[in-house]
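Note that the chains take the letters A, B, C and D in the order they are written out, and that residue 1 is the start of every chain.
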């Protein structure tokens, strides 16, 4: 029996499903510091990693945890950490470090009500910008927003694959509701796993950060394999040497940003309903999307020309998907979300005035009710 | 002689001018951890604060430094820290804590090339989003971008005033170029200082977080004065008690965000030139704005219908100013900045498709040359 | 009025008296981290230092606190920290650093029951060896044991003087009983203060660690005065340069140890009673000494040939005083102490078999009662 | 093939032999922070533990490392850390915590020249008292001093056995010379391993700190086995509940100290030569003992009545062995050691004036030469 893949149908919480997704993806090291509502991920991996010969470390704190993950990845591991937004604060330095060193790693953010300590046991979708922009200067990351326990499994697995494919920190933007809900999760016998791109030249010929184009991703050996693998937070040339030259900074930053941003087409995952003739589109993500979809179906049944668009990929932000909404009679996009309108801002930017964007924010603790969204749609139309 | 206000005209570096601005504003505690290119601020305050009976602390690290600042403010001080983007990473938890506790404080970010360690001695404008969005969940801050040593003095002083007026962390988005340039700085005999709003009721009647409306700011006593002053990172009621209620979370977060965002009119400072008939507006801020202005003047001399808009207030983002640009023949907004287009994104969002926004990014190390911008404008037109 | 010296007679706790002793001695910086039963020292200095233009810092932790003290001293301050044995653990690295850099500083250890966390609110005399031997390799320190609130004042003042005279970390071995007892403390109008030995040559001729003999103490300038003042934890020559030579290590370590150990005569303070014809001597220190003295007086009244010796100076250990007890009919030394016999071990070593040493240990929480000691003496005799 | 026991004869450095001893003893977790001259222990275990399914963690620092070790032990592991005296400073809090929680663990101290940073690459025997007395209040530990690479293997294995047998932190007092010397090390096919004493009652009847007598050691389950296993640094009753009672403190401390001190007979290991008719005994330990033995043999050959005693067990200090030296014509004990006379002090105490004790100290960097000791002996006689 494959202890890594818990094939079959299980009743799992979102946190538990996330842990299983990591294992199925080949995660062999987890380092984290406990924080509600992400603690159950650590808890499960503390014994499940043991089952598969992996390593579980409770770091001294969040800084330490992501540092350990980064080190492990360079030693050849697939590694992950999990925290909440408060912990993301403490990881910001290492997130930038992971970005500039092109370290594939997975960071689970189970969002809770904030700002500050906020409310440990209540939900929010407040960290949308935080995971994208909290470290210094320009870089890019990937972030996926699951809406169910099943997606906690599926998207965590996917996050590992994307992290490896793009050598980039990849986030799961979960939230407390999904983390603590318990649902049926189907785990297949086999999963598709992306392996790290390995050098195809002998050590003597290897150039660590050499890329074909700015959207390409360099091959990555592991420590101890004989290849040079410089790991430095300094601006560096393709050989990994520190540099203070403009040309180096320019090409490095453009590479770090564009290997993600210019691959946005490939990276984008959305789900949609009734878009063809919709005058109003409800755009949502994560747990709120479930409620929104139910409200949209109800609105259609009531004869309202409403459509539904769910973002699964939050970062890179799928501007092209938003732009494509315009021009088919669309008048309004309603964005219900559990924050003060973070994604609504992005939609406003992306739609270029081609439709009105109406934010429908609730800043955490309580999720929108289907009726609230339905009533809101009625008022809008 | 008033040791606090170094009246007269001086040749000062931007960092030195910043330190003098803090002193003029009444800063009596500085806590920081050295980092290039912000170290000279610490250095100067280490002896200048001594002159005025203030306190200088080198924190154990950046977390410690902002923690000390927050504590000092609640003890009645006006307090500041200074760092670069790497240090901002480490302060993100305390930035959110300062936001939720409504702690007036000033944070100087002398931006340097990144991401990660980047290049300690080279410039960038990469932390625009970082200072706004790096902590968890929704909150708001103020950020000002100086373009000269004179403004390092003026805006640091202003930052203290705004911090007190709005009880909010207020950032100076400086950059290495301005920090290390040495220019004439005129310091007046007298400056205008905003004092903290004090309780106007006796201690027994004081409600710590009571506000008249969501854009109002509560009065703030100091520890030891007999008033209750609960300081907690938890979601709290107007009495400062922790709560897990939606109503409390909702009104608290709306207050934290809207006391800043809805006062954007009052908070906005811009500088402009030739906007009336401009077909192309160059929008810039900080050190790049100086170059941009020079290019715009040159373009006007060459007969091009070009205008110039400098944002001094970066956050809250002045959407209304951007919107007002539209409709007078404006076709294009060009945004030269030393990052991959962070403010250009915001302008795109705010302009609502009423003009084309063209980002002209240089990701640090080297500032745009006037001729580069001039040539760029020619191509655009 | 001299705010530094609170002249007059006051009712003070031991911790409060300690704080006043520090102020009278010229302490102008305190850095500490709160811990029962030493917290009241911090508390009082937090406002009393303010009165006299000094600086109070709550460190991020104990490591930070002693680090700040050491830095302040090299900047010219007289500085102190206060903690309990648990905090001493965390200061051990810096204690060694202070020793090798010959940094005069005062460390108050208000002992509480241990080991480990032990009991925060109960007394013990358990840290006798810890303050002497807890850092790596050979060095020396001074430690004084007060028995009353008055001595908390007197000996803290004395500790500052000795620290300056010998450039050495100097400890007060207080305990919870004395710290929290409230007694009459008489503070004189004037106190005798030892100033730091300053260079008597111009900066160009100054050799930082030059001594006349191994028991001599080098002159000490402050940062910013123009003198070279290398401060390094490395083995160093008299110029302060690092060295790996045996000759340098040998002379440096001998100097560090012998400037204290060979000055033991000058450093020793004891109190005694009835020693001339005593067959049994009760040797005690700190709070237990008060009880012991009372038991000895009672024993004399009962006709027993008992004497009393109180060690005020614990380190350097006054071997010569112990040796001098022998040969006058002395048969036995009884050592009541609130630990498992730490000083009894030292007395055993020092007496060289010339008398029997009987340990009378109580490992904290409860002090010996006079009757317990009296009964013990009866049994011994 | 047993990957745990590297049976056969190998050329190993002392650090490498130490790592192998740990593996042979069943160590399955190592946590440490690199420091010269102990780094090679970490280095070897980083891959050797991998071979045997164990866990290697580089802690965030020394505090973290010993904390991880303690946690692992309560989860059922045999665990170890390694450092130098500077790192021991930072572990002192956890050493006391391990003592009061009766956590079996092994701490390797590869001593280097100090105090302070001292000289990273030079030897010393300076931490004799530090490992015994550096944490607060009364407790006991075991410490063994190897004199060869073979003993780095043998005694590390022994240290694990003693740690388990007595539930106590057990130290190896190695030094830089032994750590970096490379010698033949014979590793047997089979080694004798002491298993942790397990509860012999079902969980419901288990009393965690119940002992038959104060020298007895309580049984120790692991987390997750169903037994209550309270782990607290507070003074505690036999059930593990915190207490502030004198009776509890008294019996707990006596137990912690006496389970080691009163078992000193069983714990003591020494090596001796020519003691029967010796007028002068050279007492040494660790690397110096090898030199001393050679000098003693030379002295015997020269007709001097000299004996040799090597302490392998340093703590608990074998007073009884020292006392037994007296009375057979012994006049003098010479103690050559690479510190200022730490063990000489203990010998002086233990011999009770029955012989003269002469310290022959060299404070690190350079070991005594055989001729130096021989000449010293000549002068003494």
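A few notes on this one:
Note that a contact is a pair of C-beta atoms (placed from the backbone, for glycine too) under 8 Å apart; a residue touches a chain by one contact, two chains touch by 3 or more.
Bear in mind that the values here come from a model prediction, so they are computed numbers and not experimental data.
Taking each chain's centre as the average of its CA atoms, chain A and chain B sit 29 Å apart. The distance from the centre of chain B to the centre of chain C, with each centre set as the mean of the Cα atoms, comes to 49 Å.
The geometric centre of chain A is 57 Å away from that of chain C, both derived from CA atoms.
Of all residues in chain A, none touches two or more other chains.
If the chains shown are joined wherever they touch, the resulting network closes on itself as one ring, and no chain has more or fewer than two partners. Pairs of chains meeting the touch criterion are A-B, A-D, B-C, C-D. Listed in rising order, the residues of chain C touching chain D in the complex are 84-86, 88-90, 92-93, 95-97, 99-101, 111, 113-119, 121-122, 124, 126-127, 129-130, 132-139, 232-235, 243-246, 249-250, 253-254, 256-257, 339-340, 342, 345-346, 348-349, 351-354, 362-366.
By the touch rule above, chain D contacts chain A in their complex via residues 53, 55, 57-61, 63-64, 67, 71.
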